[in-house]
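Heads up, the next two complexes both have subunit A, just with different partners, subunit B and then subunit C.
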Partner chain A sequence: MTSENFQLNTAAVDGRTIFGREAALRALPRWSRRLSVATAIRVVPAIAVLAIVLLWAILPSLFTAVDPNLAVPAQKLEAPSAAHLFGTDYLGRDLLSRVIHGTRESLTGAVIAVAVGLVLGSFIGLVAGSARGITDSLLMRLVDVLLSIPAFLLAVTVVVVLGFSTTNAAIAVGLSSVATFARLIRSEVLRVSASQYVEAAVSGGVGYWSILGRHILPNSLNSALALVALQLGMAILWIASLSFLGFGAQPPNPEWGLLVSEGRDFLGSGFWMTLFPGLAIVLVVISFNTIGHVIREKSAQ
Partner chain B sequence: MTGTVAALHPALRVTDLSVSYLTRGTRIDAVRGVSFDVEAGQTIAIVGESGSGKTTTGQAIIGLLAKNARVESGKVELEGTDILGAPAATLGDVRGSRIALIPQDPTVSLNPLRRVGVQIAEVFRLHGTVPKEQWKPRTIELLERVGFTDARKQVSAYPHELSGGQRQRVLIAIAIANSPSVIIADEPTSGLDVTVQRRTLDLLDELQRELGTAIVHVTHDLAVASDRSDTIAVLRHGQVVEFGRTAAVIAAPRSDYARHLLSSAPSLQVSDRVPRSDPAHPAEIVLEVSGLAKEFPGHVGSPSFLAVNDVSFSVPRGSTLSIVGESGSGKSTTARLLTRLIQPTSGRITLLGRDYTEKSERQFRHRRVAIQVVYQNPFASLDPKLTVGQIIEEPLKALSELKRTQRLASVSDILDAVALPQDFLKRPPRELSGGQRQRVAIARALVLRPDVVVLDEPISALDASVQGQILDLLESLQQDFGSSYVFISHDLAVVRRISDHVVVLNKGRVVEQGPAEAIFTRPQSDYTRDLLAAVPGGGKRAAAAAG
Partner chain C sequence: MLIRKKAAIAAAAILALSATGCAASVSAGTSSDSSNSRYGGTLTFLDPVAYTAFNVTNTLWSNSNVVPQLVDRLTYQDAKTGKIEPWLASSWDVSSDGLTYTFHLRKGVTFSDGTQLDAQVVKDNYDQHGLGDKAKGIAADSFFTGYVKSTVVDPSTVSITLSKPDAGFLQVTSIYRSGIVAKSTLEKDWNAQGQLDNLVGSGPFKVKSHDANNTTITLERRDDYDWAPQGFAHQGKAYLKEIVYKTVAEDSVRMGSVKSGQAQIARNILPTDEAALKSAGITVNSYSVQGEVNHLGINLNSKFVDNENVRLALQAATNRQELRDTVLSDSYGVAKSVLPQADHNFTDQSSYLQYDQAKAEKLLADAGFTKGSDGFLQKDGNTLGFTIYVAPYYQTSKKLLQLLSQEWGKVGVQLTVKEVDSGTYSTKILSADTAFNQTQWSRADADVLRTAFGSEYGFANKVANPELDKLLQSQAEAGTPDARQKIVTDIQKYLLEHALEIPLYDETQVFALAKTVNGFATEPVARAELYDTWLSK
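And now, the complex of A and B:
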């Protein structure tokens, strides 16, 4: 059931799937379900990456004593070395420190984005799935409209309206994923509503709202958990993309997307300026995706 | 195979077969040292409950084990040649020509996108046994042989155009296409109605006599085994605990387990029920149904469907009324109407003297105290997110005025009543077995002390040995609590054991109703007689051999 929903979902957002999410969803379960060792090989590095990144976000000064905004003109564009592990940028700022200090911005943005998507999407999905009839039709047509607009374009539009900042970029990304969550939660609500334990609760005299809160919502959110992990990865990427285009964080903020953007002009003379922030983004996104897949597989079993 | 070779070797000899599964790094021994012989024209029944290794045995014989399974030891000799360790290519040649499989589930075992004729002819193509121009006539011939009356037309039907019984016949046709020496039949009729089951098994018997095939019949149903086999092997935890001639095993089982299985299989028991109703002092009628009908609107282009049509009956306090019928008879719809999960199109339902047909759910909700339900599938009817305690407490919370401590006391009392330990309260349903879950479902239904309990096939999803226990429990709870039961079932043997009054439904209509003994001993309608005759059990084959 869960896999069906996900396939519906990925099909619906086709064209904006990043890293071939659909292909990954189809290919992964077959070999990993049999071997729990293989699952562990995937999960442990992912959790390790996320744990480190989380610590970076909470206590950046524990990992680097250098001020991320301290420019040392004498040390412009230095290649990675023992003194500057990730090298320095065009103003002579330590890149490792900038990447570490940028983590909080990126992760907070991703969490805000997913929270916006999950809360609004679940609400719409729950209302549509439980009310049925006209309400359902209207809400779902609205979701269809949202899905028909390329999500990134939607995010750009929203952020232009709200104003440029990381928080606004995060809200924009969150709003553009509302439709995805709404669809998933609605189909889960429909599935759970048809289940026998809900029928049993009706026969037991349990009221409508209690059934909704006690049986339908908790059981529907199960598969949303996997989507949350996938969306966290996606949100990081999109917020970075918005920053890269200048719609998100503003200089001298060390947000990852902005770091990549700043390094763009120095690809020839200082490839490390794009490589390391880019690597951070890629690793975190892959880790979130991996964990999302594993949650989905586990809940399918 | 020449006659001399066949005479030297049994059609199938399984020696010391052991199979294990590797799941998450742990090894589970599914089959441990199973041995048996089957002679040509004979049937062996491999009987066991779920997890006994009976299906794995069947799969190992025909070389279709799951990927994580490993054959630890043993030999499977097909007319003298070992096929267990045979290379895939050899096995491919043997399979479908000398040994064939009738799979369990006819609904999923045929390719839905290809005509059945093509699927049968595939066996000819794979083994090159029949020249191409002969495929179609041979396919039609086969379909006729398995009982299709209009084979010429049905050969080009798609699986969805056929009924469950017809699909199973197609699968049998595929199995016998190359006249194999051995057929593995894995629960060939478990999803079918009793009358269809009987016709299918009769057909298999007939084909066996004609072709002299040896059959390995894997089944959980001891009654079917007693009718359809010459020898029985009872499996438990992967080992043969009882082996012998069918008549002997049924009459005098040697192992405790086989005795236990036999005593708990409801179909092989005689009713000892004392009628609850006393004609001199008629009990109060707790539930009365008159002229009940439910029409489901048809889809575009198809007419509406009358699932329940003019059904009337009444249930006296403390008695059991059974509604029996095959799939599609409307018995489950009736159950849903009684509990008001759906609204009737017409007719009246009176609960404790009050008509609630017209009432809205809001008005009716507090009346649900009087009528509760137990569902067929205890794996689906318990919310996986709640604990057993929360599940049982839920109706009390919703419908009673009790305080929390009183509720908890009630829950703990009812847990004792259904014979579950108190420490189950904190456990989630997934940690419980099927029988234990059904006890939880029964506890939930009875915790409000309802006047009527609707039991919708409450034991048909359970293993045979557990079925007996749950029936016993239901009977003793009825005596203690005085609830009336409306028992929905397709299994006449079970119905005979627990009912006072029986309603026979067919195509939404009441064919016949009356006191249970009268229905079983003097059925008035042909349909009831047909149903009764189809009930397996009693060792028909042994009786035929003796007579």
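And now, the complex of A and C:
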């Protein structure tokens, strides 16, 4: 049996004992039964990572009772141990607690960034794709100009203008992804506009704004979902990069990028200060990317 | 003056290091080495800070570790004793009113372009410092306040007139930033003087080459150099044939280069890297920077800190020992006055600097503050809180201020630490909203306090204080060293009694030296002086 597009035939299962992989697949929620085993192997750990991280963000105190900003100088630079699973930093703060409490800042930043990109980008794409003509040309040339500026450079420039904080870093990252969303949404709008149900709606006399709001926008957004997942991963990475460079979160805030940056001075004497926050960033970004790729593959099928 | 203040702050910068008092030079080798074998070799010196304009008055740490090899000064200051000795001036007389200094110049001294040192070129140098030159875009130098004129008495004698007595003036003539440059340099405008190729001095080395951005600078020895001060360990030409300076910002790369033998000296070693380097067989030397201790300057126009009790409370809430032990290393001295322990005018004022949480709480309660619901003190609905900006010049600033924030938090004072770019930083620290800024001025003379606090100079507190001004001025006019020492002690006491600054630690420079490096020394404010340095084969 190949693993590709393996689908469980529920009728055939009835009346006989199932075990092994079949049983495992059956236990999965209904939608995932349509996923291949190879895909499931990719998606399940990614979802698990994101679920844990989401819980860290919502209820950090459930996972650690230690104050992330409490410095105990007598315990500085302690290697990972039972008392401090991730070790302690240069002021004697518990690193596990700091990584957990830093999650909210990092995730919130990523969500703000993607929301900014999605909302502004969708608006531009929708207007350009539906208005066509000179409006389309003008907006798309504007988008071309935006795309010609290296996105990270644009983000740094924006954050310098807005001032240093995680929210501003998130807005900066969001603004620099507007062009990507605008392009995608515009092409989707063009595709959807040509579909029969839109033509039917037009010939049925439905108004422009109704068609836009009820038919074109919802159907275009479907394909934006994959991009949203990819952009979430990217936004986390970029916000962490901005914080690493000192443009984002302010001390003693335990934002992940800032943690890596603070640990950099201690690569020789306290590797755990960079390793654990770095791992958190890597795992979350890979998870978002995996989910984004799977959504794209599924929607392409 | 603002510019100068910034330069001085910059100077204080990036390093965080320091030692408890070994400002002195390392002795040069053992007598078993034949001294001929010391000559030759190329030394590579790594600095984390990019080089900027090469005007001699630029006190940026990176630049000021290059310039002392290129320029000589009229006088030489012994780093240990603080005593002023002859260099380009073989002797001098001071008039009884303290207003005229007459220098008798050493003969046979040449600049690296072949021109002779004479009274005229010394006058031209000092005129440019003391009076500035508008046409060339050069501002008067605040170290030369009170300078009236120089007069050429004869080709090897120059006399300098001041408008009022200045006990620190002789020391000014010994600082690398008063280095004597050739006529060809003086003729250029300010910008052109900042180009390394135009810096022509009489020092033991001269510029050989450099790349476009000055990330690599090569100096070569002057074989005809023969006018070293007696305080140096040898005479004649320098030992090293060439010195290569390189900018290497990444700490781990600097450390790795010294460990692997690709470089011989690295400046600015992080406190946390010291132990690892020592265990790898690298020499880690620390040099206390004379001048002020690293401290929080206070803008008295700010909210809350105009109240002396609040300042005294913060003084008592600052646990200097904990700061040193946690963020720094044993190389750094815990501040015991406003001057570092290595300073020859230092007197121990640690009774003012004891950590005492109960005293801090009582002072704040007496000042009318009560605990709010958020745990911080407040009065009339205003939280007792301050914002402080991470000083871009000190690598350990962000760490130290976070710990300080926790220490002050224990007595209910909210200290918010913010990090901004260096452009924003320099405007923020001038604003009255910013009560505290981490700073330090380097200068191996107690007059540094006048430069920092005097209302006509740095004016650190930004509020007129005639009593302090009078004290600062009187030390400059004191007749004898003993009388001056007494006044300088009074100034140290005054500044702490009224908590006009919050001392943190003795500013220190830490260098990593490969095993092959011998005879490394620094001048009094811990800038490398490589004349006596030699490499064992």
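In this text, the second predicted complex is superposed on the first by the 266 of 301 C-alpha atoms of A that agree within 3 Å, B and C clash if a C-alpha of one lies under 4 Å from a C-alpha of the other, contacts with A are read in each partner's own complex, and residues count from 1 in each chain.
Just so we're on the same page, a contact is a pair of C-beta atoms (placed from the backbone, for glycine too) under 8 Å apart; a residue touches a chain by one contact, two chains touch by 3 or more.
Note that the structure is a prediction, hence the values are computed from the model and not measured.
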{"item": "Three-chain arrangement built on subunit A, subunit B and subunit C clash or fit", "value": "fit"}
{"item": "Subunit B versus subunit C as contact partner of A:269, first or second or both or neither", "value": "second"}
{"item": "Partner chain(s) touched by A:148 [first = subunit B, second = subunit C, both, neither]", "value": "neither"}
{"item": "Which superposed partner A:210 touches (first subunit B, second subunit C, both, neither)", "value": "first"}
{"item": "Touching partner for A:202 - first (subunit B), second (subunit C), both, neither", "value": "first"}
{"item": "After fitting on chain A: smallest Cα gap, subunit B-subunit C, Å", "value": "49"}
{"item": "Subunit A residues touching subunit C - in the complex, by the definition given at the top", "value": "69-71, 73, 76-77, 90-92, 160, 164, 246, 250-252, 262, 265-270"}
{"item": "Subunit B - residues contacting subunit A, complex", "value": "24-25, 67-68, 339, 341, 365-366, 368-369, 371-373, 375, 377, 380-386, 394-395, 397-399, 441, 444"}
{"item": "Touching residues on subunit C, where the partner in the complex is subunit A", "value": "251-252, 255, 270, 272-273, 275-276, 322, 325-327, 390, 395, 398-399, 401-403, 405-406, 417-421"}
{"item": "Subunit B-facing residues of subunit A, complex", "value": "34, 36-37, 195-197, 199-207, 210, 214-215, 218-219"}
